[in-house]
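One structure, as structure tokens, below. Some questions next.
Note that the chains are named A, B, C, D, E and F in the order they appear, and that numbering of residues resets to 1 at the start of each chain.
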Amino acid sequence: MGETSLFAALGAVIRRDLLLAMRRKSDVLTTLFFFIIVVSLFPLGIGPEMAMLRQIAPGVLWVAALLATMLSLNRLFAADHADGTLEQMALSAVPLGVLVTGKVIAHWLLSGLPLALLAPVLGLQFDLATGSLGVLVVSLLIGTPVLSLIGAVGAALTLGVRGGGVLVSLLVLPLYVPVLIFGAGAVEADLTGLGATAHLSLLAAFLALAAFFGPWATTVALRIALE
Amino acid sequence: MGETSLFAALGAVIRRDLLLAMRRKSDVLTTLFFFIIVVSLFPLGIGPEMAMLRQIAPGVLWVAALLATMLSLNRLFAADHADGTLEQMALSAVPLGVLVTGKVIAHWLLSGLPLALLAPVLGLQFDLATGSLGVLVVSLLIGTPVLSLIGAVGAALTLGVRGGGVLVSLLVLPLYVPVLIFGAGAVEADLTGLGATAHLSLLAAFLALAAFFGPWATTVALRIALE
Amino acid sequence: MGNNGGFENRFGMNTRLINWFGYASPATFYPLAGKMIPWFWALAALFGIAGLYVGFFVAPTDAQQGEGYRIIFIHVPASWMSMFIYLVMAFWAALGLGFNTRLSGMMATSLAPTGALMAFLSLWTGALWGKPMWGAWWVWDARLTSELILFFLYIGFIALQSAIDDPRRADKAGAVLALVGVVNIPIIYFSVKWWNTLHQGASVSLTRSPSMAQTMLWGMLLMALAFWMYAIAVSLTRVRAIILERERHAGWVEELEEVAT
Amino acid sequence: MILSKPRSVGVVHNCPMLEASNLECVRGEKSLFRGLSFRLEAGACLMVQGANGSGKTSLLRMLCGLAQPAQGEIRWDGEPIRKLAEEYRGELLYCGHAGAVKDDLTALENARISATLAGAPVDEAAARQALRQLGLKGREDLPARVLSAGQRRRVALTRLLLEKRRLWVLDEPLTALDKAAVATLCGVIDAHLAAGGMAVLTSHQDLPLAATHVAQLRLD
Amino acid sequence: MILSKPRSVGVVHNCPMLEASNLECVRGEKSLFRGLSFRLEAGACLMVQGANGSGKTSLLRMLCGLAQPAQGEIRWDGEPIRKLAEEYRGELLYCGHAGAVKDDLTALENARISATLAGAPVDEAAARQALRQLGLKGREDLPARVLSAGQRRRVALTRLLLEKRRLWVLDEPLTALDKAAVATLCGVIDAHLAAGGMAVLTSHQDLPLAATHVAQLRLD
Amino acid sequence: MNWGSASEFFAMGGHALYVWGSYGACALLMVVEPILARKRRSQALTELKREIRANQDSQDETTP
């Protein structure tokens, strides 16, 4: 397979997944609304004092983004596994790693990206300042691809396992912790005036690492799941 | 069908669902671990100040319990729908409402009950006092069945609908708000010395209402899903 | 749904009722709605212009809030409509579920986006009002919170219906959700209210001037009427589209003049 | 397809049991069949035939009350089945494309639990006997997950032996079955009919039934 | 089952293509078959037969490299398939019990996308043509969800027409197909064999192939 | 009359952003929503016509 045709295949997978999502727009929208709703639940559980809410805002927003991404993980491979498409992908002339990468990119485009773009509106509900909102968006833009990449490994490992939906959380959440700490940390650092660059560059390092190893591990996990 | 045989059928459904869950213990365990992990993520996202943590503890614990319950909703009917068991239930000589009630009870036994029993341990992490921990457990014991009952309606409505997993959250979370407010409110009221009985009796009223209407609405929704 | 037949019979539909349902058949309703729409648009424009005139040029400047208060002339009507439309929607949904009338489901479906729009406008204008008045775009006040939840209920209804392809199934599923929601709305409202007052005291209650100037009230009422007419007009327009989409294989559709030409 | 006058199939003529009159099935925008009427009496079997997509599954689901006909009515002993609800369901056994076999349960547990859910619990010995009869000896305690396609189908079919129902509605019961299993199944159906039961079947393969009261209903 | 000496099936004898030697399949604790060897050459077809649970599906999955044999080796043109990886997969088309048909996509989109995923994109006209050939005219733009069981199967089978592969491995391809579709499918397989392709098939029904180089492999 | 001049009117006593932000969003949405609703109807109509034409064509084919 030539390099161009690999890229063509990558593009085709991304387009396919986007097409499938467009068939059910609710899929994309519900991830977003889940995010919104979880963020809005916290004040209801905790109480309406603005000072307190401002303090917990970065944590709440990041935890909500993380949960929303995680919940959308099970749509990553499960449907393709159930109807045999995944078997076909594993038997395709295109290397499975390429197809997997395409699926992960599509997943991020449909979950992480919109979350990042929506976050500032919710930040307003918690009375965050404009500068902090910017840091929030940047941290999410760097952090959510990591979530998708790690999540794909978890989703692949739990394929065909009943209760996979919850199991995947269990596998994936511990790995999400560093992302959460540095993501929320970046916003908090900005809030307290310390500057967020250190946190953000660490996030970027995670991203590089995950982009390097993630698809490979996912491919291996998928082959195991299919056996 | 005589009344005793209805109860026998109810018991049989509960036993069946518990048996299925025992075959995949991970199912039950992962709901619990999800709960634990979400609760533990908060100190990571927000920072370690004990005073603040104690203040947000009831909210965080309740939101986590609510999310954990919600995530386990899609295992309520989805598997039975996919493999045709639900069709068989709809065609059973036993009224569907009875079978549904059995499934909801089993769901609570496998999610709400263990959560309630686990909560005090996590409450300790947030430095809650023993009295408040008691109120926490009681509020969860009364509140989580409501979550299961309302959740069942949402799960039934989204059956066979793609993106169901996240859609169900969207449908159900707004309806969970009162339970969350009074559940977390009970603990908070106890913390501030106001006494939790008012909150708890309102929760009990919700439970009565949900137990009355929930199974009926779920049955209607299931028949719609099967058409 | 298996139980509908029994339901109908238990109600013992008499002939008058059946007649009434005959009127509500899509075939008769479609042209009727077409005739009514322009009137509602005209009324909406009329009330709107009058309301805006009163709102901007007759109503005096508010002593406490200055000119910012003029948001009230869209904020309050939007808030009212968002709540009212939900009730109407649930009513139609229940009717559809109980009596299997095709049109009611379509009405519910067509009302939902307008209701969501009203809820959104209420939130948006409220936020834009809150910034100058309270210094924050958003506070977790009871009324605000329950409006937000109402918005979520609308979105849930729309998302559920659009996720189901078979329109009959979508109608019924939506109806169950709308009914469950309508039971819950008062519960939500009161729980949120109680939750908030427990914490808050009176620090962020809506700062209302005690006796609203008569002209302000008039402006608000006129605008409310305008919103009402708007909602009817736009949902009738939408329901006509929905009728066409769903009934395209009924004979009467092919005989419509806009199809024949 | 239009079948204007009711067909009647069966032995005991003055006890009409399942009766469909003037059924119409609409899927999407298309009417799959219209004006379909038939009557099925004790001891009789109706073979529904037709090309792929001609509406066999749709018809069977209507007969069970899982879907509503666009027009027409289905009656059991003269009463519309919508009214009878559980009463009718207590007479009915439906076995569709999906087998309702749980991956995580063993063959034996599957058999017993589906009988219980249907409202007719059986004891372990009876369930083992039924599994043996369908050639699953030695597989009773394997989880269904590891069974082959045909073995899963056999597990689903144990319901025929365990639930005492008068009307069987079977949608392509032969799928994935080998020749021996097809013969066994035909024997089971024949015995059911001989005992005064009724059956509505679809299949693209030939079903070597011994029963004489078999009517064909072609949907295309 | 023990087949000690290699069987050879095919026309062009000095170009052996797919070769299995001394395969053993163990599922659970049981050995389903052992010492199974065969060779399949261009233009030849292998019908794997056996009762339910005799190991047909297991064998086919091994041939595709989806499962590993407990013993023995599978070679393509002399190379073990494990080594060939994508190279072998480029020659292979597997169609199993599950059809890889997406409920949410239309028949046309399903056909095109599965070809793309397999690494062999096709244009719309070709896909429409293939669907028509399998009798899905007028259904091309329906979402697969609403298709009947047999129509879904046909959608899955369009891959046979759209992907140019030399080795077809088909596990019960006749499931849910009506008689006309069975005939069409046999024609397609015959044409494939005549053009020098190879096929490994299982089926409990008889497959009326015209091809002469059909070998039977009984697993029980 | 409350306003001395047009610019005073548009300034809204210093609350221009909020007042016009509200009215603007309201006007925008209330223009867009009916347009979408009408578009939906005209789409349904064109689809319908196309289908009818297709049906006629196929009838022409089958009845020569």
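Please note the rule applied: contacts are C-beta pairs under 8 Å (C-beta built on N, C-alpha and C of every residue); 3 or more make two chains touch, one makes a residue touch a chain.
Please read these numbers as outputs of a predicted model, since none were measured by experiment.
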Labels of chains that are neighbours to chain A and to chain F: C
Same-site or different-site touching of chain A by its copy chain B, using the half cut: same
Fitted rotation between chain D and its twin chain E in degrees, CA, nearest 5: 180
Pair of chains joined by the greatest number of C-beta pairs in contact: A-B
Chain of greatest Cα-centre distance to chain E: C
Chain B-chain D separation of Cα centroids, rounded to whole Å: 37
Separation of chain A from chain D, taking each centre as the mean of its C-alpha atoms, in whole Å: 46
Multi-partner residues of chain B (each touching 2 or more other chains): 24, 79, 82, 162-163, 167, 170, 173-174, 177, 181, 227
Multi-chain contact residues (two or more partners), chain E: 97, 103-104, 143, 146
Chain C, residues touching no fewer than two other chains: 1-3, 152, 155, 159-160, 163, 192, 195, 248
Chain D to chain B touching residues, read off their complex: 64-68, 86, 89-90, 92, 94, 96-105, 109, 113-114, 116-121, 143
Chain C to chain A touching residues, read off their complex: 127, 136-141, 145, 148, 152, 155, 159-160, 162-163, 192, 195-196, 199-200
Residues of chain A that touch chain E when the two form their complex: 1, 5, 8-9, 12-13, 16, 19-20, 23-24, 79, 82-85, 87-95, 99, 226-227
Interface residues, chain C side, partner chain F - complex: 56-57, 59-61, 66-68, 70-71, 74-75, 78, 113-114, 117, 120-121, 124-125, 128-129, 131-132, 230, 233-234, 237-238, 240-242, 244-245, 248, 253-254, 258-259
Residue ranges of chain E touching chain D (in the complex, touch as defined): 27-28, 50-54, 56-57, 97, 135, 139, 142, 146-151, 153-154, 172, 175-182, 204-205
